[in-house]
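The two complexes that follow have chain A in common; it is paired with chain B in the first and with chain C in the second.
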Partner chain A sequence: MLPPEKLNKHAIANAFLRREYFVYYVFILTLLFFTVTLHDVSFFSVTNFMNVIRQTTPVTIMAIGLTFALAGGHIDLSIGAVVALAALVAALLLQMVPVPVAVIGALMVGVAVGLINGLLIEWLKVSSLLITLGTMGVITGVARQLTNLESVPIIEPSFNFVFGSGSFGPVSVLLLWTLGIAALGYLLLRKCRFGRHLLAVGGNEKGARAMGISTIKVRIMALVLASSAAALAGLLYAGRLHGARYTLGEADLLTVIAAVAIGGTSLFGGRASILGAVIGSWLMGLINNGLILSGFSTNEQMIARGVILVVAVAIGVKEQQK
Partner chain B sequence: MTMRFLTIFLAFLASISAVSAAELRGPLGNPATPVSGIALSDSERQTIRQGGYKAALVWHGSSTWVNALTAGAKAAFDELGIRLVGQTDAQFDPAKQASDLENVMALEPDMILTLVIDGASVKSSFDKAVKAGAELVLLSNPISGYQPGREYVGIVTDDMQGMGVAAAELMAEAVPGGGNIGVIYHDADYFITNTRDRAFMNAIDSGEHGAFSVKAKRGFTKESETSSIASAMVLQYPMLEAVYVSWDAAAEGVIAGLRAAGRPDIKVITHDLGVNNLVDMAMGGNLYASVADRPYEIGYAMALLGAYGILDKPAPAFSVVGFDKVRRDSIAQVWQSTYHTPLPPLLQRALQQ
Partner chain C sequence: MSSEELKQPALTVKNISKRFGGIQALQNVSFNINKGEVVALLGDNGAGKSTLVRCVSGIHPPDGGEILVNDQQVTVASPQDARELGIETVHQDLAVIPDFDIAANLFLNREILHKNPLLRLLGWLDNKAMREQAQISLQRLNSKVPDLTEAISRLSGGQRQAVAIARAVNSGADVVIMDEPTAALGVEQSAQVNELINLISSQGVAVLLISHNMQHVMETCDRAVVLLRGESIANVKISDVTPRDLVGFITGAQRLTA
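Presenting the complex of A and B:
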């Protein structure tokens, strides 16, 4: 039996090594590593960090949305496709209607896809993996069909400013979007009844049902949030690129899943962290940025990114098993 | 009437284009001939029309470029009374292309127009098509062991070498006398982009276009990567005056990165035509110029070559289409010769500003 002071030390050490803190340590270590190795190329500068934020924001927003779906025990593979469709819808609507209407129209794409996903999963009682794989195909096809693969430019300055290209001094509007959506996500998950119900449903569905929680409603809402966040990510891509094309978001799905998983959210429901998803996505962006600045070739970057991911996930899982 | 107009139009394009066909050779060393030499007489057209032939398009991917290619082929099919029975998109997957080919063969096409993704891995599927008597017309990429006039009718391709050199000439216009530049190239084994990128680099390195110093050279595999690369490049090398990037959609990310870095002074040179970037060019943004090929013309010529095969008419083994340099003042004209569609309204508006 350990003496009380030793027990205390163990408790403190265990608290610091908790799974949910893991992503922050990796983030800080990565930051320190690149700061030291890239001290001669302005890695540690406001400009570069703003670059990372700017490039990562759509992924961060999608990661926050996906956190809700995963918390409820579902995965949503259609989010990458929603990004492209929402961006194209916004770009097309902007040629006909005022900015707010176009934005609402694009966000409605996300709401509609989330509802369809949710209703199909809950009514058919089929795995979310399969249903969203199917809807991903449908949405990708619709996005390609919508403009016959042509990109659609956006020349509306107010839209471009608000949704990606604007900045206040050195601070990009995309940082404000990240902070705003992260705060909203945190409040929803941690401070609202919906968040508590969602975690209960994801952790123990039978128990949640026994407590009188409408598990179907909660899970559908989580999928609507995931899709709506993807639609917002589409708007942010469109604003930054001053246009939309059917390929937007197609490469993001795996990055988003990795960011959420590294951030401490369980892929099987019941445990979720909004802040972890944000830091997880920033970590992915930071690694990407650091590797490019390091002058690695594309192949070397892929290898390094893969190794870092495997190590990060492996350490995280080990910690969880303890 | 339409046929005559098209023939005159193609001849006109060939005459004004910057084809450097004399320098190009096909995969078997065949000399390159301008695509304007491909034509059918009235009696040959009549023969084809009466034959009730069928065609299939077995493409490598889908894009606005492929759409224009298809439109060109369809225009020729319509003139010749050829029925298009199948069209496929392999999504850059050789295995899918092999399946696609097997599927369209069930429709018994008399000619197949295709861009083969990997000539080695799809060969056995194409062997079956050749055995079944279909006339093969290839776009750019050869199939190992195949001979023109035996397994396939001919190859039609871009003047990739010429396009790379033209990009270097535009770079010299954007930064007169030379200067510090960045290069963002396609880091994947893909014949068309690799040849253009290499030709650009060779032309820049030759020093014929000015004293250029390539400060940074980075590769990309996905279009979505170029924004991060451009941002990092400008951060590391703020002295850059221009950036070359392999193609239009990849240039969108570069331009977004330069905008975010507050560097409207850095000029971008690329290949191909996309509306988003042309709007940027029209509005005086980062995109200085582009080099565009003529997919519609390629599709049209490929269809005619298919007819050569049916008629057993000796065909040029390796034909090359021209390209155009696109600057702000030539956007409307080049758009027409590239896509044969009206200029998008938003682009028209941007040009009027």
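Presenting the complex of A and C:
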């Protein structure tokens, strides 16, 4: 609670204009805008919103994972590629082994990629941007090679139910995945020692190291979380679509970065918001959905995503300079 | 407190050497600090002060020589080692996390975990306990810090310095190294930091103080060790010398090793 002397008008105005809240205002405004402009095609309906959530969940999960990488000062460009590889691995494994084994195998793809990214960054002392750009290329190539660009269907009903197609009444399992992973992410980042150390490393790397925090361990862990989340996103695509294809996740990278950035997470480390990432990804989903219902094409959606990313980054940088 | 009565060395450095490529940054530097004593570490820029501090605080382990804590030989291979041995360093840039609040900074990498053993396993933080402890330790240092939930970046330079010192003392350190704690501070805030140094040394903490401010050194320190080009060239009691003498040692015009 604020001490009384701080409750002047200026402080209140500042509190409302805080960067962290930006995404909520934009979200509400976007919601209002499309509700009014698209009232004839029932944009504002439970069915449509559940649709948005179902389409957005993989992006939301990736955004939560990327928030951890960014919190520690790293970026991970390989997450989109991990989605495809993990989904294909799951689909292939499901033809041979029981569901839990296939799921663990697919998640291991994420863990392994995160470890490789993290170790390469620490050993070579090269920026995460370049390393993960490289691993993105490698993983994409592997995913294309794996099945020769063929799609792999998944006919295992229990897998499809749990990882995307199932629902309880009107509530899709994907909404439960979103809420569950968001809660886990929030607790890990805000309530656990790991999250605190990660934010410390992102906020002042030298300082964190001087206090004895193992910056290497913490950052590698963050990258493992980022790509494991991407692998889970791959499973959630595969379960919803009843199959995997090398194109899954291909176009998601820009959406995810834009969602996280507009959600109030700094692209330079030290500041992160899980709730912001969730709302940010829903905002991206809402805009996509609104644009489709308004009759715009995917090209225009891509332009919208790019503009949002630039705007979000611009606001973030201005805030940093204050 | 007179340090004469407590001739128990808290920190002893023997023949410490450190090389960076072709540069001999430290050569056979030896000195000790007794409990409750405030020792100034003086020297011109590049004399090796910061290197010595980094050796003792585990950032750059030395190439040769010994470090003794409470007369026990120890290895300081990392900052974590140093902290576990009771050597705390207040770095020049304070090593605080700007977005963290005071309590979070005070307990950085020394977080209090939840009492529930299951939650402890997950690294669950007990923020309430940390805030209470932070309150107590800041009060003990007579620090006037307004609000423990305030982010460090919103505090004044003196308040940040107080938090950094409190963090060092808070951990029960026997030795506190301070790298130019008043360099960025105004007159009043410098005086507050001096008071803090006197207070913690009176509690038995050994303090190694790096400073360029001779008046500050004369006021707060018991002894001075002077480095010149990586070698220790003087180790004198402050009461035996004048500021002019100290400047003479720093520039190399005078030499005296006790």
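Following the convention adopted for this analysis, the second predicted complex is superposed on the first by the 288 of 322 C-alpha atoms of A that agree within 3 Å, B and C clash if a C-alpha of one lies under 4 Å from a C-alpha of the other, contacts with A are read in each partner's own complex, and residues count from 1 in each chain.
We take it that a contact is a pair of C-beta atoms (placed from the backbone, for glycine too) under 8 Å apart; a residue touches a chain by one contact, two chains touch by 3 or more.
Everything quoted here is computed from the prediction, not taken from an experiment.
Using the contact criterion defined above for the overlaid structures, shared-chain residue A:Leu253 touches neither chain B nor chain C, since it reaches no partner. Once the two complexes are laid over each other on the shared chain, residue contacts for A:Ile155 go to chain B alone; chain C is not touched.
Of the two partner chains placed by superposition, only chain B is touched by A:His242; chain C is not. Put chain B and chain C next to each other and count what each touches on chain A; the higher total goes to B. By the touch criterion defined above, A:Lys206 reaches chain C but does not reach chain B.
Applying the stated contact rule after C-alpha superposition, one finds that A:Ile292 touches chain B and leaves chain C untouched. In the superposed model, A:Ile116 lies in contact with neither chain B nor chain C.
With both structures placed on the common chain, the touch criterion links A:His197 to chain C but leaves chain B unconnected. Once the two complexes are overlaid on the shared chain, A:Gln95 sits against chain B while remaining clear of chain C. In the complex of the two chains, the chain A residues touching chain B come out as 41-42, 45, 47-48, 50-51, 54-55, 95, 144, 148-153, 155, 165, 172, 240-243, 245, 247, 250-252, 288-289, 292-293, 297-299, 302. On the side of chain C, the complex with chain A involves touching residues 57-59, 78-80, 82-83, 89, 91, 93-100, 104, 108-109, 111, 113, 122-125, 146-147. Touching chain A in their complex are the following residues of chain B: 62-64, 66-67, 187, 218-224, 227-229, 231-232, 235-236, 249, 252-253, 256-257, 259-261, 274-276, 279-280, 283, 344-347, 349-350. Chain contact summary for the complex, chain A toward chain C: residues 3, 191-194, 196-197, 199-200, 203-204, 206-214, 270-271.
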